[in-house]
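Heads up, the next two complexes both have subunit A, just with different partners, subunit B and then subunit C.
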Partner chain A sequence: MLQYLVNGLSLGAIYALFSLGLSISWAGLNILNLAHGTVFMVGALTAWLLSEQLPGVPFLLVLVIAMVICGLIGLAMELVVFRQIRRRTSDGNQQTLTTVIATVATSSLLIAIAEQFTGGQPQGLSQDLFVVSGYTVFGIRITNIQIAIIVIAAVLSFAVAWFIKRGRQGQALRALSVDRDMAKLVGVSADRLSALTMFGAGAMAGLAGVLLAVQINAVEAHMGEALLFKAFAIIIIAGVGSIGATVAAAVALALVETFVAAYWVSDLRDVVVFALIILFLLVRPQGISSKGWQRA
Partner chain B sequence: MKQRSSTKAPARRRALGILGLGVATALIVSGCSADPAAPGSSAGAGIKITVLADITGKAAFFGTAIEEASKYTVDELNAKGGINGNQITLTVKDTASSAATASSLMNDAILDNTDAVIFGVLSEEALAIAPLAQDAGIPMINVQAAADGITETGDAIWRITPPQGNFYPKLAEYVSKQLKAKTAAVFYVTDNAPSVTLATEVMPKAFGDVGISITDSVSSSSTETDLTTAVSRLLAGHPDYIQTQAIGAQNIALITQLRRAGFTGGIGGGTSLGANALAALSPDQSNGIVYYSSFVGSDQLPYASGNDFTKAYEAATGKQPTTFNAETYDAFGLIRAAVIASGKVSRADIVSGMAQVASKGGFAGAQGDPITFKDRSADTPGVVIQWEDGKETLAPGQ
Partner chain C sequence: MIDWLAANAPLLRNISVLALLGYSVQLALRAGVFSFATVGFYAIGGYVTANLLKAGWNWVAVMALVIVVGFVFALVISPVLNRLRHLFLAMATLAFTLFIQSLALSWATFTGGAQGMFGVRRVLPQGAMIAIVVVVVLIVWLTQRGVLGRATSALRHDELLAASLGVNVSRQQTMAFAASSGVGALAGFVQVSTTGVFGPDDISFSTVVTSLTVLVVGGAIIWAGPLVGAILVGTLPLYLVKAGNLSLIIQAVVVLAIVVYQPEGLVGIVKYLFSIIRKPFRKKPRETTAGAPAS
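What follows is the complex of A and B.
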């Protein structure tokens, strides 16, 4: 029982790390980024490439480089795609639809590039990149990478929550989410803030990608797709943009999945997840947090 | 300007009409020439073989192996004078692991006067294109594509990969005698029909027959990335041996987490485990892992045709041949045997030639000597492979 609780917490931490960036870009910029899972994969791919090309490279350096690369991908998407769409389309609905289609195209492009690197097959990370050790405490087994994932997710969640609530740029982002034109009128640099948000969302996806790759010791071009659907479930349950609720929903969802897999029919975990989404959409479509800063 | 364009418009429409009529006529004529018996019907005229493979997409690893082996085999056959004096023209096309793309490419092959099609590997694509091939009378030989209902489509549809169920008795015997296992657990993916059948029906029977009891059977969707709970469940019954019927990256994740959790017992799997997953693991995690397949790139096989293929392939490419290379080689081997049996290279002659080959006891290939057929599917006992230091080896003592 306690073992499954630890497994669930560790999985919830991955879900939280993955979902935070998606939630912020959705809430702040109204960008439903379907390429978020692919950016996550690029983080893992970067770790694999660096560990292959530069044996002995420090893990922290790999983590930073992967986050910067994924952040730059997010930034590039904002500058090259999303900003152009916003400038050329004034209709909000059309803007949203065009943006979603553009993220699908970006995702396909990144996957095709990744497949060129991996040869279309799964790759294992070098064991030297991060030496995974296990500890058994009161019969519960936990690894150092699981501990690292839980700690990093907790620290980052607090940091992002503080940034959104107290930080100057975070408050500006909240203003932007409510009324972009009005925010501009009161001096918010919408373009700069959008670029910063997409960089941050990409960097967080990259961080999650590296950590998961180390945990499962595998990298492949489609590894982010399944997580993307889980993240949507989490955001729907939490409410778009609410950091605390997102983390709570991520952990709750992971625990439900873990206990279903452990004590019931293991492949029903996805069925339960999507049943929960439908339930929330019917009963509480605004999610757990109804007083968020989001527009949805 | 306006006046000029208005006087020219009817003439342009007439020209377009004539052009359209011409195109339609050409299409009808080309459609007529796509008669099943017409292409390549005269000896020495050459034989056109199209390979449709998943070179990109989720099954890219397998498709790439098929492409490599196709080029190797055609070079070898053409260097020896072709098939019955007919030089082979090879076309390789990427289905991108998509049933829609595969269907479109199969239609191209039908209209392109292709004499035979070799396809690999996904069942969902094979199920989509087999009826097209059968309708056109074009012989289609499947590599992998294990789902029910593919070879059952009709007499033109064959499979060069033996059913995985064939291999389980040999694996179970090996696990019992060589690994001394008394208990086993199994992990499988639920969105792959053959995997479910093997894990829930074939494996329990084969392992039960040699006295191995199953402690737990744990499943997941193939896209699931977190396997910590699956690993906890598999280890809860303290099995001596764990069998994985997973796909791709999940095999890597599962084996890594089992070893990290301190599991030192035997680990085994099916054909898809192989180099696809094990090459990505460190030797301390992967050495000693066993799996079944129809072939291993070894010169210790108990039949000369397999050893000859291994040596020739290694000499030509510098690489140890995989199961997928061997199966592709044998797909061409079946076409060759069929042409020799019928004496002609038309679609209908190859179809009837394959039936003759099967009825006369098969042919010698990389996967066996002879490779026999049951219900148009290859039927060989297979081998148990052991992974050692990044290489497939014939597991000892089988």
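What follows is the complex of A and C.
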């Protein structure tokens, strides 16, 4: 029982790291980034490539490099794709839709590139990259990677929450989410802030990618797609842009999944998740956070 | 002509399925419904067809039933979707598709699990397949004209404005979504009844990408768009074979460039070129003296 709690918690921590970036870029920039799962995969892929090419490379370095690469991908998307679309279309509806389709196209590009490396096959991660060792505390087995995941996710969640709530740029981002043009008028550098947000979201997805790859010891070009489904559920349950609710929903969903798999039928996990999505859409479409449809 | 049709059967089949997928997305989109549910309904249509054909049903009956199933299923979930707009709708419909994919893997008795369904009778004649596509294109073309066409166009641009002009927003969008789902399921029927196989690979995320590609390459709103897009997406890989492994990357870059720099797609480019060519020949508007008194 407590064992499942620990497993669910570490899964929830990964969900949280992944969904936060998706939620913030949606709330602040009105971008539903369907390539977020692919950026996550690139993080895992970077870890695999580094450990294959440079045996014995320190794990912390891998983590940093993966985060920077994924951050840069996010930045590139903002500069090459989103900013261009924003310039070319003034109609809000059209702009949102074009952006969503562009993220799908970006994701197919990244997957095509990733498959050049993996050969379309799932690849195992070298054991040297991170030596997983388990501890037993009060009869519960917990591995060092699980502890690392939970601690990193907790620290980052607080950092992000503080940044959005108190930080100067975070306040600017909230202003941006309410009215982009108005925020520009009062001196917010919308372009720079968008770039920063996309970089941060990408880096967090990359971090989650490395951590999950180490935990499940596998890398695959399509590994982000299943996670995207979970992140959708989390965002629907939490409401767009509220940090605390997103983390809570991520952990809750992971726990529900773990317990369904453990005490019921493992195949029914996704059915339960989808049922939750429908239930929330029917009963409380604005999510559990009291802010309602308000963004960020 | 007949020889050519027979020789290029796989290509034509590909193009037909791609075109139907593209039209399915377009039907919803042009009424302002951001729906990613097409591939989910494609999967439903495909698996239902595979099971019924295996049970020995006549293909005409199966086709009719598949369309109805798509319609009814769409009407059942539309109350949920009706409450959503824009990005929420896109996300919820994509969640639906991802859920169907996961269900296809786990509900093995109906879908064949990871292996999928194979050895289904390939019953659909080529002529019938082409007829199906032609009928769908005709329906899309006809509904893009006249009162209905103007109403959907208004819906896409501004729901509030459309409502104030007397368009029943929720009914129109529900119907658009149902039509989109019916065509999506029909695409599944065509795929299964011409190839005889259907599995998780056919309904993966890359199919979502492909159906959107067909739409944006041709032109998202113009009726001819998905047809042009399907022909291009269907034939392009044949010419990109030389590029080998890089062909997928080239394809993705081309699509991305079109989305960002030419949102109206190829049909948009052609229209633009025509407008340039025609300009010198166009009658110049007469001087304003026409209606004025002579002196």
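The criterion applied here is as follows: the second predicted complex is superposed on the first by the 291 of 296 C-alpha atoms of A that agree within 3 Å, B and C clash if a C-alpha of one lies under 4 Å from a C-alpha of the other, contacts with A are read in each partner's own complex, and residues count from 1 in each chain.
Simple rule for what comes next: a contact is a pair of C-beta atoms (placed from the backbone, for glycine too) under 8 Å apart; a residue touches a chain by one contact, two chains touch by 3 or more.
These figures come from a predicted structure and were not determined experimentally.
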Evaluate whether subunit B and subunit C can sit on subunit A together after superposition, giving fit or clash. clash
For A:Leu212, using the defined touch cut-off, is the partner it touches subunit B, subunit C, both, or neither? Pick first, second, both or neither. first
In the overlaid three-chain picture, which partner chain does A:Leu20 touch, first (subunit B) or second (subunit C), both, or neither? neither
Identify the partner contact of A:Val188: answer first if only subunit B is touched, second if only subunit C is, both if each is, neither if none is. neither
Identify the partner contact of A:Ala233: answer first if only subunit B is touched, second if only subunit C is, both if each is, neither if none is. second
For A:Val132, decide between first (touching subunit B), second (touching subunit C), both and neither. first
Just checking: does A:Asn93 make contact with subunit B only, subunit C only, both, or neither of them? Give me first, second, both or neither. second
Touch test for A:Glu115: subunit B only (first), subunit C only (second), both, or neither? both
State whether A:Thr143 touches subunit B only (first), subunit C only (second), both chains, or neither. first
Have a look at where A:Asn30 lands relative to subunit B and subunit C in the superposition and call it first, second, both or neither. second
When you line up both complexes on chain A, which piece of subunit C, out of 44-52, 116-124 or 242-250, runs into subunit B? 116-124
From the superposed pair, tell me which subunit A residues show up as contacts to subunit B and also as contacts to subunit C. 112, 115, 222, 225-226, 267, 270
Sort out for me which residues of subunit B touch subunit A in the complex. 55-58, 60-61, 63-64, 190, 218-221, 223-230, 232-233, 248-253, 256-257, 260-262, 276-277, 280-282
State the interface residues of subunit A toward subunit C in the complex, per the touch definition above. 26, 30, 32, 34, 80-81, 84-85, 88-89, 91, 93-94, 96-98, 100-102, 104-109, 111-113, 115-116, 222, 225-226, 228-229, 232-233, 235-236, 267-268, 270-271, 273-274, 277-278, 281-282, 285
Given the complex with subunit A, which residues does subunit C contribute to the contact? 29, 32, 34, 80, 83-84, 86-88, 90-92, 94-96, 98-99, 102-103, 106, 156-157, 204-206, 208-209, 212-213, 216, 245, 248-249, 251-253, 255-256, 259-261, 263
Tell me, which parts of subunit A touch subunit B in their complex? 3-4, 7-8, 10-11, 14, 112, 115, 119-124, 127, 132, 134, 141, 143, 146, 212, 215-220, 222-223, 225-227, 257-258, 261-262, 265-267, 269-270
